[in-house]
Amino acid sequence: MSDYVQTGIPGVDAMLGSVGIPRGHTILISGGPGSGKTTFAIQYLYMGATEHGEPGVYITLDEEPADIKKNMASFGWNLPQLEREKKLIFINVSPVRTASAERAGLLQLGMKEFKLIKLLGAVREGVEEIGAKRVVIDPVTIFNLQYPGEVERIYAMRDLIADFRKNGCTNLLISELRGTGLDREHQFEEYLVQGVILLRTVMKGDKWNRMFQVTKMRGLAVDNQPRPYDVTGSGIEVYPTLTVFH
Amino acid sequence: MSDYVQTGIPGVDAMLGSVGIPRGHTILISGGPGSGKTTFAIQYLYMGATEHGEPGVYITLDEEPADIKKNMASFGWNLPQLEREKKLIFINVSPVRTASAERAGLLQLGMKEFKLIKLLGAVREGVEEIGAKRVVIDPVTIFNLQYPGEVERIYAMRDLIADFRKNGCTNLLISELRGTGLDREHQFEEYLVQGVILLRTVMKGDKWNRMFQVTKMRGLAVDNQPRPYDVTGSGIEVYPTLTVFH
Amino acid sequence: MSDYVQTGIPGVDAMLGSVGIPRGHTILISGGPGSGKTTFAIQYLYMGATEHGEPGVYITLDEEPADIKKNMASFGWNLPQLEREKKLIFINVSPVRTASAERAGLLQLGMKEFKLIKLLGAVREGVEEIGAKRVVIDPVTIFNLQYPGEVERIYAMRDLIADFRKNGCTNLLISELRGTGLDREHQFEEYLVQGVILLRTVMKGDKWNRMFQVTKMRGLAVDNQPRPYDVTGSGIEVYPTLTVFH
Amino acid sequence: MSDYVQTGIPGVDAMLGSVGIPRGHTILISGGPGSGKTTFAIQYLYMGATEHGEPGVYITLDEEPADIKKNMASFGWNLPQLEREKKLIFINVSPVRTASAERAGLLQLGMKEFKLIKLLGAVREGVEEIGAKRVVIDPVTIFNLQYPGEVERIYAMRDLIADFRKNGCTNLLISELRGTGLDREHQFEEYLVQGVILLRTVMKGDKWNRMFQVTKMRGLAVDNQPRPYDVTGSGIEVYPTLTVFH
Amino acid sequence: MSDYVQTGIPGVDAMLGSVGIPRGHTILISGGPGSGKTTFAIQYLYMGATEHGEPGVYITLDEEPADIKKNMASFGWNLPQLEREKKLIFINVSPVRTASAERAGLLQLGMKEFKLIKLLGAVREGVEEIGAKRVVIDPVTIFNLQYPGEVERIYAMRDLIADFRKNGCTNLLISELRGTGLDREHQFEEYLVQGVILLRTVMKGDKWNRMFQVTKMRGLAVDNQPRPYDVTGSGIEVYPTLTVFH
Amino acid sequence: MSDYVQTGIPGVDAMLGSVGIPRGHTILISGGPGSGKTTFAIQYLYMGATEHGEPGVYITLDEEPADIKKNMASFGWNLPQLEREKKLIFINVSPVRTASAERAGLLQLGMKEFKLIKLLGAVREGVEEIGAKRVVIDPVTIFNLQYPGEVERIYAMRDLIADFRKNGCTNLLISELRGTGLDREHQFEEYLVQGVILLRTVMKGDKWNRMFQVTKMRGLAVDNQPRPYDVTGSGIEVYPTLTVFH
C-alpha cells in the first residue's frame, strides 16, 4: 500500500507533489456555497472506490444521502451501485431528525442529544463494515456549532482528529467559509489538520474566477500557488499549469 | 413532467443551462432593498401559472397581499384573475396582525405565537388547495429573527427546507442582504438550499450597476458569471450575453 | 386626484418617472448630518401646500418647531402663514419635554412614557384637523432607539408603516445614516417602506460631492443612478441629467 | 446686534457665507488629538472679547484652566487680562477633583456625583456673571461617557443643547474624533447640533495634510468643501481659496 | 532653567521647534513591538543625565531593569554607572512579582493589589531621591488593563497625568499600538497628554518603512510631517529633512 | 560560549546581524497554517543539536510527537536518533489526553487541570535531563485560550517568559496568526518577548508569496525588511538578499 493517497481528481494530484495526500492524514476542504465542496468529496470517494480499490465512508450532517446521490448522478457517478458493491457507505448523523410538521414545535429537542461520541461511533462502524480507506465528514461547521465556547470547539475538534488518526484512513473534513474576500480570519481547524485546501472565488473587475489553493500539506512539497478550477460535467477539474487571472 | 422548472424570466433560463431550476429544489433569492426580489418571485409564479400550467403559492410575511397585487399590476400582471382561476394563492402569515391604534401598546404579544409549524401548515394548505407546483416565501429574514440563537435559526431553516423537499414543489426563499459591497459574510441559508441567486448592485465610479449572479445550483451546470439585469416595464430582465461593466 | 404625488422639488419628479411618488406610499429619506433631510421634507410639504393643494403634517421628534420655521425662512418659505391657512401643522412629539435645569436630574423619566400609540395618535389628529395629504416624521431614528431589541424595532416600524398605509397620505420618514462611505449595512427600514431615497456625500480626491439616489420605488420605473444635488438659496435642487463626478 | 456671530478666525468667516455662525446656534467642533480644537475654541472667545465686544465662558471638563492659559500665551493671547476685564471666565467642572496621592484609591467616588444639572448650572452662572454671548464646552466626550447607554447619552445631549438654545449665546461643543480615516461612523451629536465643523488630517502618500470642513450649518449657505488649515504662531488659519491636495 | 527640555535624540529636537519638549509636559510615545519605544525612552533619560544635568527616573511595569540595562549596553550607554552617580534610577513596579514555579497557580493574587497610589508613590520617591527632572513610565498599557471599564481607565489616567503635572518633571508615557495600518482608532490617552509622538511602520509595496511623527505638541509649533527614522548602533535617529517614501 | 545562538537555518542568521539570536532571549515565531512554523522550530533544534552541540527540548501542546517526527523525516532529519543520543527530547503537555471514544462525552474534564505550573515543570525537567540550551513551545495559542480574560492571559504569559529567562536557554514560542492580510492587530505576546519573527503570505495579483520578517529583536541590529522564503526539501530557506515582489 502506497504512502500516498491519490485523489483521482484531474489536476489535483499533480499539485500534490504528483503523489497525492500522505496516507492517514486529515485534510480540511474549505469553500463557499456553490464552490463544489461536496462534489470534490464525493469525487474523492468515487475515484478511490473505482480506481484505487479503496472503499469510502461518507458522513453527512446536513443533507439527505438520497439527495446527494441524485445530484451526483449528473456527473455520471453511479453511487447506488457502489453502495451495493460495499465500496461506499453513506451515514446520516444529522443532529436533528427532520420533525414531521405536527411536531415541528419540538424541533429543538434532538439537538442536545448529539454528541461527539455518536459521530465517532458512526465513523468506526462504517469503516469496519466495508474496510474503508477514505472518510469524509460533510460539513464540520454544524458540528462546531454544537459547542458554545471557542475552547470547547477546539478540544472537540482535536479529539475528532486524534481519533481519525487512529482509523488508518485518509480523511476529508468539509468546512464552510464565513465570507468572500481573500483576506480572512483563519478557522482554528486549519491549525489542527494536516492539510488545507481552499475552494474560493475572486472577482476581478466584473469577472468571477474560481480559485483552488493548497495552503497547507504536512510532510509533502506541494504547489502552493492559486490555480483556476471548474465544476465540469464530469466533476471538479483543476488546471495546475494555469494562473487564475490568465 | 420535465425534470426542470423554467422560470420564464427573460434571460434567466438561458443562464440555468437553458433548462431552468431542477424540479423540487429550493432556491435562495438574495438582494438589497429595491433590487426586485419580490418582482422576481411574482414573475416566477405568474409565468408558471400562465405559461407552464403550474399553479403557485405566495407566502408573505411582511407585506399585505393587496399591496403586492397593486404594485405588480404596473408590470401588466393580472394577479386577481389568476387567483380567481385558482392558479395563484396568496397567504399572509405575517407574525403580527397589524394592531389597531388603540391596541398598539400590546404589539409585542402576537410575536411569540408565531411558529415554524404555522408557516409549514400554511404552505401545505395552499399547495393542496390549488395543486401548486411553485412556492415562494417572502422574506425568510423575518422568520429567522424569531429564533434568538444562530444554532436554533439553522435548525429551523433546515427543518423548513426538509419539509419543502417533500412538497413536490420548486421553491424560492426570498432573503434580504445585510449590506452593500461585493465582499460579504455568507448567510447560513446559502449552505442549506440547493441554489443561490444574488440580485446586487455595484458602484463603478459614479455609475450604479445592477448585477445578477447564480452562485450555486446543485445538479446543474450554469453560467456563474455576474450579468447585468434591469427592472423593466414588463418585469425582471437579465442579459446573459453581456458583462456588467460593458 | 392623481395616482402620483409630485414632490415639487426641482429635479426630483423628473427622476421619479416624471410623475412623482405613488400616492399612499411611505418613503424613507436617509442622509447624514447636514445633508438637507429636513429641508427636503419641509420643501415637500411646502410645495404640496402651495402648489398642489395638499395640506401637510410635520411630526418632529427632535427639534423645536420654532427653530425649524426660523431656519426654513432663509429659503423664502413662510411656514407660519401656511399654519394660519391650515395648510400645514407642526406636531412636537419629542419623547422628552426639555427639563428645566432644576429638574434635569430627572430627565430619564419621560422616556419610558413615549409609545408608538402616542405617535400614531398625533399623526391621526393632525391629518384629521387639516385634511392632510402629506405626512413627515423627522427623524425615525430616535423612535427606533426606544425599542431595545432588533425584532421589537422591526415590529414597531412595521406597525407604524401599516397604520400609515391606512391614512391615505403619502409619507416621508426621515432617517439618519450611521456613517459615511458608500458601502454600508442596510437599515431594516429600507425593506419595510415602499421607497428609499439617499442623500449622501462622497469624497473624490480632495473634493466633496453631494449625491442623490433613488434606490427603491415600488410600482414605478425610476432613474436609479446617483445624481448631483445641492442645497441652494431656494432649497434642495437635484440635477437629473448630470453625473456626480462630471 | 447682528444675526450672525463672526468667529474672527482667519478664513473661517469667509467659508461661513462671509457672515459667521447664525446667532444662538450650537456648533460641534470635532477633531483628533493635536488638531487644534482647543486653540480654535479659545481663539473664538478671544476674538469675540477683543474684537466684537462679546464676553465668553469657557467650560473645561478635562484640563486645568491654568494650563490652557499658559499654552495659549504662545499665540500672543493674554487671557488673564481678559479675565480681569470680565470679558472671559474659565469654569472647571471636571467631574473628578484630582485626588491627592493619599486618596487616589478613592478616585472613583467623585464620578457619580457629576450630573447634567451641575454643568448647566455652571454655564448659567458664568453667562450671568459677565453677560456672556459665547460659550464653549471642552470636551463633551467625557460628559457623554457618564451615561452608560446610547439612549441616555442622546437624551442628556438633547437636554444640554435645548438649554443652550435658551441662553442667548452662540456656543461651541468640542468633541473628540474616534479615529483617523475619512470614512467614519457619525457621532449622534452631529444630528442634534445646528452646525458641524471637522478638523481632520489625511495622509496622501507620505504627506500629512490638515483638512478643515464645514459639513453642516443650519440656516446658512456655506462652503462645504474641505480646505487646508494650519496652526500658526497666531492661532488657527484656514485657507478658503485653496484645495487640500494642491 | 530653560522652558524647554531637549531630548538629545538626533533629529528629534529639530522637529520640536529646535527647542525640545515644553518643560513640565507629559508626552505619549506610542509604537508597535520592535519600534524602539524603550530605546527612545532610555536615550531621553541618558542624554538628560549626561548632556543636560537632568537626572531621570525609569518606571518599568513590564520588564526587569537588569534586562533593560543589558540590552541598552549595545548602544554604548553605561546605565549602571549613571545609577551609581545618582543620575538615573530604575523602579520596578511590575504589578505581579514573578511567581516561583511552585506558586504559579496563585499568580492572579498580586494583580489586585496594584493600585494607582502605588505607582504615584514610586514616582515621587524616585524623583525626590535623585532630584529627577525626567520621568518615564514604560508601558502605560498594562496599567490601563487594571481598570475594567473605559470610564475608570480615563479617570485613572487623568489622575496620573494631573499628579505628574505637579512633579516638575518632563515625562514620557510609553504606549503600545493596537495594530498596524495608518488608519486607526485613537487611544484616549492621546487626548489627555500634552504631546503625542508615533513610532510606526508602513509597508509600501514589499518595502517596510519606519515612520516618526509628532501628531500633537501643546504650546509649540512643530514639524507634523511623518519622517523616516532608524534604530542605529547608537540609538534612535530621526531624519527631519527627509520624506518617508524618498 | 558565544553571546549569540545561531539558528543554522539558511539565510536567517545573515538577517540576524550575522550572529543569531541573543543568548537567553525568547523569540515569538508567528505564522498562519502551512507557513512552516513547526518546521522552523524543529530545524532550530536539529541544527542546534547536530551543528552547535546544544541539546533541545520540544514542548508540544497540540500534536503527537510521533506525528511530528514522521513528518520531519521528509526533510532528512533523523529525530529519533537525536532522542537516543539525548540531544533532543519531546514532551507532550497537551492539556487534554485524547479520550477513548467511549469516554469522549467527558472530554471537557482534563481541560481545567492544565495549569501554567505543569507547563513550567515540564520545561524544567526536560532542560535538566539533557542539559538543554534551546527550548520550543508549540503552540502558545492553545495555552492562552485556557485563560478567560485578557489580563489573566497577559500575566500568565509574563510569568512564563520570566521563568524562561531564568532557564539559561534560548527559546522559541510558536504562535498562530489570527488572519491573513498585512494590516493586523498586534498579539500582546509581541510586546512581552525579546524578538518577533513573522512567517506570512501575501497575494499580489494572482500570485501567492511567502514573506519572512524580523519585526523585533532586542539588543541586536537586524535586517527588518520582509524577505522571500520557502519550505524546501531540506527545510526552511530564507533569501536575505532578495525582495518579496522581485
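Per-chain numbering from 1; labels A, B, C, D, E and F assigned in written order.
Everything that follows uses one rule, which is that contacts are C-beta pairs under 8 Å (C-beta built on N, C-alpha and C of every residue); 3 or more make two chains touch, one makes a residue touch a chain.
In this text, all values refer to a predicted model and were calculated from it rather than measured experimentally.
A.B. asks: Chains shared as neighbours by subunit A and subunit F?
C.D. replies: Shared contacts of subunit A and subunit F: no chain.
A.B. asks: Hopping along touching chains only, can you work out the least number of steps from subunit B to subunit D?
C.D. replies: Contact-graph shortest path, subunit B to subunit D, evaluates to 2.
A.B. asks: Between subunit D and subunit C, is it the same set of residue numbers doing the touching on each side, over half shared, or a different set?
C.D. replies: different
A.B. asks: Can you grab the rotation angle between subunit A and subunit C? Superpose on CA, round to the nearest 5°.
C.D. replies: Best-fit rotation on C-alpha atoms: 120 degrees.
A.B. asks: Using Cα averages as centroids, what's the distance between subunit C and subunit F in whole Å?
C.D. replies: 60
A.B. asks: Between subunit D and subunit E, what is the gap in Å from one C-alpha centre to the other?
C.D. replies: Going by mean C-alpha positions, subunit D sits 30 Å from subunit E.
A.B. asks: From the C-alpha centre of subunit D to that of subunit F, how far is it in Å?
C.D. replies: Distance between chain centres: 52 Å.
A.B. asks: Mind pulling the residue numbers of subunit B that touch at least two other chains?
C.D. replies: Residues of subunit B touching two or more partner chains: there are none.
A.B. asks: Viewed as a graph of touching chains, is the assembly arranged as a line, ring, star, complete set, or other?
C.D. replies: Graph shape here is a ring: one loop, exactly two partners per chain.
A.B. asks: Which of the residues in subunit A come into contact with subunit F in the complex?
C.D. replies: Of all residues in subunit A, those touching subunit F are 115-117, 120-121, 124, 150-152, 154-156, 158-159, 162-163, 165, 182-186, 190-192, 194, 196, 202, 211, 213, 215-221, 224-226, 243-245.
A.B. asks: Would you mind writing out the residues of subunit C in touch with subunit D in their complex?
C.D. replies: Going through subunit C, the ones touching subunit D are 32-34, 62, 64, 67, 70-71, 74, 95-96, 98-99, 101-102, 104-105, 107-108, 111, 139, 141-142, 145-146, 176-181, 201, 203, 205-208, 210, 231-233.
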